[in-house]
Structures are given as C-alpha cells and as structure tokens.
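Before we start, here is the structure in question, set down as structure tokens.
Each chain carries a letter (A, B, C and D) given by its place in the written order, and its residues are counted from 1.
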C-alpha cells in the first residue's frame, strides 16, 4: 500500500517551495491590487524556510516532526498574516499525522482537513469573507465527504476563483468594500496552489 | 528724428517680459542639460518684475529712472546668477542713457554696449567661458564698431550659437568639463533673445 | 517594466542590513540581544518596576517603529520584514528584554497579521508569567466608518499615541493606567492621508500599485492599500481642506480646545510640500478657534518611497497634553 | 510629458507658502522681520557682542538652510527662490536682524549666483558700517579636482561646516576666530553623492534632467547639475565603496583619527536605504581604523524629490570635535 513517509513529506515541502517561488510575482501582483503586494514574497520565503527545515531533520524524524519543523520555520521566516495561519495549519496536520513514520496515502485528505481547521482557528475567518479560508474550507469539506485528492484540489481551485465575486470583510482588503470585488484574494489563490501541489505529490502511488 | 523715450522703453520691457515668458520652458530645458533647469523661470520672473516696475513709474520719469527701476525689480524678484548680472546691466544702461526724456534711436547701440560692460564687471567672466557674455561681448563690440541694431542682434545670435562648442569654465556648468560641450549656454541664448527684442523695439522709426 | 531605483544590495537582505546600519549609527540609544537580531531595545528605557511599552510591525515605515524606541517612549520594538508583521519570536524577545516586572503593553497598528503574531507572543509570555496588555492603534479615519472605529488601520497617529503611552509608562504609572491612557490617546487621534505615487517592495522593485500620473488616491494606507477614492490630483489647499473637513467633523472639538498636529511625509514628498500643507492646516485650525499646542512636520511614518502625505490631529485634554509634553530621547525622535 | 506629482498650489508661490508653514510650525525657534519675509531669524540666537552667522541660498534643499537657524548654529538665513540664490536685500535683512556688533560671517555653498548676491549685500553692509566675512563651502569632492578645491560646490557637508562655525560664534569667539574655524571645518569636510532620479522645479513640474531607469549618476550636484559619470545602477555596497574610496583617499587620515559621518538623502531615498549605506560606511571606517565620533543619517540637504544619497565625512581634530559636540537647538536639527 502506498504511503506518505517523512521523506516523501520532505519532498512535498520542496515541491511547495518550488511552486511558491515560481508564482511569487503573480501572487504579489494579486496582493498589490487589494492588499500590500507582498503575499508572494511571504509564501515563497515561508515555504523555502519550511522546506529547508524539513530537509535538515535527522534520520528517523516522524511525520509530525516534519510538520512541526516546517511550521516553526515558516512562522519565523515570515510573520505577516500567512505566517501564523500556515504555522497553525502545519501544527494541526502534524497532530493529525501523529508521531509516526508513515500514513496511508488514502488518508492524506485528513491532513488537508486538519490544515483548514488550523487556519480557521487561528484566523477566525468565516467562509465568504474573501480570505484563504475560501479555498481551504471547501477543500476540507470535500475531504471530510471522502473525495479524493484530485476532487479536493478542484474544489479548492473553484473556491479561490469564487473569491473574485466576494467583498472582503477581513484582512487588509476589508477596508476596500465594494472596490475589492472583481479581484481574487491572493491568499485563496496561493491556497489552491498549495492544495494542488499536495494533491499531486500525495496521489502518485510510487511516491516519485 | 526717431527717439527712445521713457514710454517707449517701458514698452520695450513689456516686450522683453512677453518674450521671456514665451521662452521660459525652452530656456529651462537648456539649463537642465548643463545647469539647474531654472534659467527660463529666472528670466521670465525677472523681466515680468522689471516691466511691472517700469510701467508703475510716475509721469515724467527719465530713461535712467526706467532702467534703475527695472534693475531693482529684476534683482529682487530673482536673485540667482541672472539677477545681479541683469541688474548691473540695466544700471549701466541707465547711466549711459542719463536722466533724460529722450535719446536718438541711432544712439541706442551704446545701451547694448553699456549693458555688456555691466555684465562683464559683475560676473568677471571672459569671453569663451560659455556664459551670457559670449552673446553680450560680441554685440557690444559690434555696437562700438558702429554696426546697426540688426547687425548687432545677428552677432549676438551667432555668439550664443557658438557657445555650443565651448567648454564651460564658469558658473554651474563649469564642473561638467568636456560634458558641457555640444550644448548652448542658456544665459547666452536668452541674451541673444533679449538683444533681438531690443533691436526690434528700437529699430522702428515710428516707435509703434 | 522598469524597476524602481533603489540603493540596496540583495532585496531579501534589506531589513537585516538596515538594522546593522541603525545599530552602528545609534549605539548610545539602541541595543539588540545577541540571540534576537530583530528585537531592538532602548538603552536607557526599561527599568525595574516600570511598565514596558513594546511596539512593532513591518519594516518600510522608518522612522516608525525603531526610531521611537528610547527613554520616555517605547522600551523595545519587534521588527518584521518589509510590510509584514514580525513573527511571535522577536515580539517575545523584545518583551523579555524590556519588561521590568510591571507588565508589558503591546501597541501596534491594527492589521490582521500583527494581531495574530503579537497575540501568539502574548500567549507564550503569559505562560512565562509575564502579564501583557494590547492596545491597537486605529487612527486612520479613511479606513472604516466612524461606527466601526475598531476596524480602522493604525497609521501616522502612532507617533502621538505611542508617545502618550510611553510618557505614562515613563512616569511610573501602573499597567492599568498606561493601558487606559493609551486607549484614550488612540480614541482622540485622527489621521487621513493621500498618495501621489506608489512604493515598491525591495524584493520585487515593482510598484505596489498603479497610480497614473495626474491622479491621487485619498485615504490610501501606508502599505499601498487602496483608499476611499481616486481622482485627479488637486492643489495642496484643496487636498488639505478635504482631509481637515473629515478630521474636524469627526473630532467635534469646541473652540479653545488644544490639539497636537503632525504633517507627515509618506516618503518622497519633501519638506517644502509638507510645510505648504501645514500652512493650510494651521489656517484651518485657527479658523476653528483651536489652539495648536505642538506641531511635528516631517517623515514620521512612511511607506518607503511613496509620494504623498498624511495629516494627524490629536485632540488634547490636560492629561494627553502632559503626556505629549513629556520628554523623550530616541534615536530618531527627541523632545524636551 | 507627464508632470511630477507634487502637493502644491501655484508653482510660483511654493517658497512663500512654505515659509508661512515653517513660521506657523516653529514660532518658538524662528521669526521674520515684518518688512523682510525672506529673512528667517533665530529667536534665541543673536545677541550683543556675538558674531552673527548668516547662511542662505536657494530653496528646495530643506531642511537646509532654514532648518539650521537656531541657538548654537546659524543666527539667520536668507531664503532664495527654488534653486536660486536670494537677492542681496534678504541677505542684508538677515544680517541686520542678526548682527550684534561683532561682525557678520556669511556662509553658503560655492555657486556663482550666491557669490554675486551675497557680495553685493556685503558691500552694502560695509557702507552701513557692519563688518562682514565670507566662507564658501566646497565639500563636494566630485565637482572639481583636489587641486581646484576652491572651485568645488558646497553640498551636504554644510551641516557640519555650519555647525562648527555656529558653535564657535555661540562660544563668543571673535570674528577672526570664527572665520578661521569655518575655513578649517570646510577644509576637512568631504562629500560625494549619487543620484538615482531627477527632481523637478515646482514652476514647471518637469524633471530637471533625464536619468533613465536602471542608471545612476555619480557625483551629481544638489540642483541636478551633472556629475562625473553616468552608469548602470549598482548595488548599495558598490556605490558606497566608490564614494568611500574617493573620500578616504583624499582625506588621508591616520589610524585612530576621529570622524563625523553624515549619510544624507537627496530627497526620496528613504531611511531604510540610508541605513543600508551607513552599514557599509561604518564597516569601511572601521577597516580604516577610524573612530566614528558622531553619526547623522537622514534628509539633511535635499533636492526636493530627487532619489539618491550623499556621504559626508568630516575629519575631526580636537577643535572641530569640540565644535561638533557643542549643543544646538534649531527647528529641524537639535543636539545636546
């Protein structure tokens, strides 16, 4: 049976770091329209730090160790809004994965749900407020419904796209009111990207 | 015999103010290349003040009174390099014209010579240093030779054009060295314009 | 697209290199714990029995925040990346280095990121037995309606609000009192700004937003967050009048009341323009029969090289006047 | 062509409106004689028997010149139009209001226009029986070779040079001595700058010169006068090194010598970048085994909204150190 191992999770973080680096300027531009133009920088820096810390763990680290190291490194590298949100997300995923050396791939949707819970707990946002939760919450719901990673990722993507129609009531964009409409939330867009990378990384049975 | 009267001199200053206002941006651009981009502003402001002060003089003012009032007003409105130079020029022209109510037009070239002397005395420049003196000095020489106003104006224009080939050794542009070559000196260009306006204004026998 | 002209090295190193320069320039005012390079501590501020005032936030607003660390003002600041809240760690480091057993007051602008990070730090400090309070600044009247004051952003009014709290702490008042005065100061401080050009992050050197020449944005935030309206650039007096109308109407002061004034550059707007604005601000205050007790003009809370300015009015009472008059000695702000 | 974004009213009124704002903001520091709106006098500076230090020049460099009028520094300043020397009249007005029977020292940057106007004023003052001396500042080492020091421009080093002379006058030294110290201070002060973008005059709102994005001009003057070389924009450390190489080579200090440092913004370059430059300046001074006695970082001598910075090093000796340490209290610069 295909499994998520700590090595494989480390590779997932490397893929996340690569993706965020590639999308840095796109995310900054999105944030520039309704926020302060730095979301791409925060995500690229945070994931690079997370990936580095995960890779630096000694032999024998558990899945939870990997998530915890990533959480701490992301938070300390970034701060901002993304820092506490993703740090909490990773800590919750680590708790869900537990101090184990493997987890069946089929169970990995529970990690997505755990991350979403962490983000909701830390940010106290409600769906519909035009934040990253609008990608994470539907993804978590799909996960709890038993959807597979591909379907979860599609739902997250749709959630991010839907933020374009929302009026922000939380975060920097909240002061924009009507003017926030018509633009996707950068945090939701990066969230969909993250979920897509995880889905891709945890779908291949061979773990390559 | 056609004469330069105080009224006519007041009209000359009005024409000078109009010309400098029209050429303000051209002169600023020239000064921008090798100086601080304000020569057009100084000349427009200075001539406007000179013209206003000349026009405000009471009935019965002499030619010298007009020049003196123009000198003081130009200086106080402008400062800069142009202020002392043109103030001294006007004071010298006033001395040359004397406390009289008229001067034969045929003698007005002596006013140009007097102004050039004032500029040379105040600025202590030598011809060839790429300053307004490179228009004023040849004009004064032509005046002393007995050339008419049209010829004097042509010589001033040629002098201003020739500054393009000079390396500045005085004024703001002096620090440029070789890099000042290829650009006309703004003060020389405005000087040629001033001499042209005076020549035109003092050439028409009807004084219109 | 052309990159913004900046005198920097690697765009990712700007904050650390800046801090190195600040520490080299102001060794008599500031120090950093060895293990905490993003916590800046006042050399002569913290002391036993005194409430510690700890401020902080993203970089790029200098002299806010680190310039206001010093005797009589803030005891320490936690320094974030450009336009990014500091993580909890430097906030904790700053608090630990500054606290003198009488509790810690956190003060910073009301931004989601800052709230999350400072709150995490506060929770951890609580576990260490250190009592903390938090007062968010919300002086930007353009960022939410009057009824939703607690949703507003904190901007240049920080200077006066921090100053009042710093004075209270320096006078030895207990945590409850320092917190009360901080809230009181925030409630009576009103700011509104206008942006004339964009800033850009050192990492990208691309304009944070698009503001065509000939236009301005009224109410823009200090991170380039959109304001309330974009329109053709108007003369300084007209812009000042719009801002002063909004402030005076909300402030509702009585003739004879005293105020403190800050005319602040958002970055590249020079002193010449600030004083032109100030001439009008002063005329408007006179016309409203208000007494100007103190005036600051200059770059106090910036957005890197953004062009624009903000006007802050603090509505004084006897207590706030005493706090505003209290001396302070910081690397970038001194009084008395 | 697009016009520069400025918060002004009529472009011809900027200097008078700025002065109105300055006077409104700083009534405890500054006053103007009723008949002389372009002469700014220190409220607590001039006094009987003291040499009067009178500075001045064009506007657009704020806080230079008017910001340095105050007790312990300049007694008065004559204010010109933007980038234009004041005419003789305000220079005379400033001198008459400031002089205390011990003579007047004029100090200003070495520019043809200023020399002509101040000299005219000096001649007229002589006729009134007031003795004057003149010391031109020539600290811009990029503006002429070492052998032609007296042809160089005066730029940001003014701050230190004026400060030294102001201290000498405040200490009650006679005119000869104040003049000597002023010359000595000027001879030991070295500045070089770099411009990254143009400023523009308020009357035209058009860039004073053309500097394409991606390029910089080393040695540019504070009125946008061309410098010594235009080239691709380089990292902050490389730019600093070029400037420090030039200064250190000309200064020829011995290990252990003391210096004062000013890292100055030409306008829109923010504190973040200045401190990044300063980190390198400080490292270079350390490497040369020089002792930094005093450091200033900020906008001290600007060209409106020009982007760029300059570095000034004053090579101290015991006398200059005493003068630089002397307290001063100006509207825009305070020490001690």
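Basically, a residue touches a chain if its C-beta (ideal position, glycine included) is under 8 Å from a C-beta of that chain, and two chains touch if they have at least 3 such contacts.
To keep track of the chains, here are their UniProt names: A, B = Dihydroxyacetone kinase subunit DhaL; C, D = Dihydroxyacetone kinase subunit DhaK.
Keep in mind that this is a model prediction, so the values were computed, not measured.
Looking at chain A and chain D, the chains in contact with each of them are C.
Centroids of chain B and chain C (each the mean of its C-alpha atoms) stand 53 Å apart.
Rounded to a whole number, the gap between the C-alpha centres of chain A and chain C is 32 angstrom. Look at where the CA atoms of chain A average out and do the same for chain B: the two points lie 73 Å apart. For chain D, no residue reaches two or more other chains under the stated contact definition. Within chain A, contacts with two or more other chains are made by no residue at all.
Contacts between chains trace an open chain of neighbours here, each touching only the next in line. Every pair of chains meeting the contact definition is listed here: A-C, B-D, C-D. Chain D makes touch with chain B in their complex at residues 12, 58, 80-89, 111-113, 116-117, 120, 143-144, 151-153, 200-201, 203-204, 206-209, 221, 223-226. Of all residues in chain A, only 24-25, 28, 32-38, 41-42, 45, 75-85, 122-123, 170-176, 179 touch chain C in the complex they form.
Listing the residues of chain D that touch chain C in their complex gives 2-3, 5-10, 14, 17-22, 24-26, 59-60, 62-63, 67, 194, 196-197, 202, 213-214, 216, 233, 235-237, 239, 267-279, 282, 292, 295, 297-299, 302, 304-305, 307-309, 332, 334.
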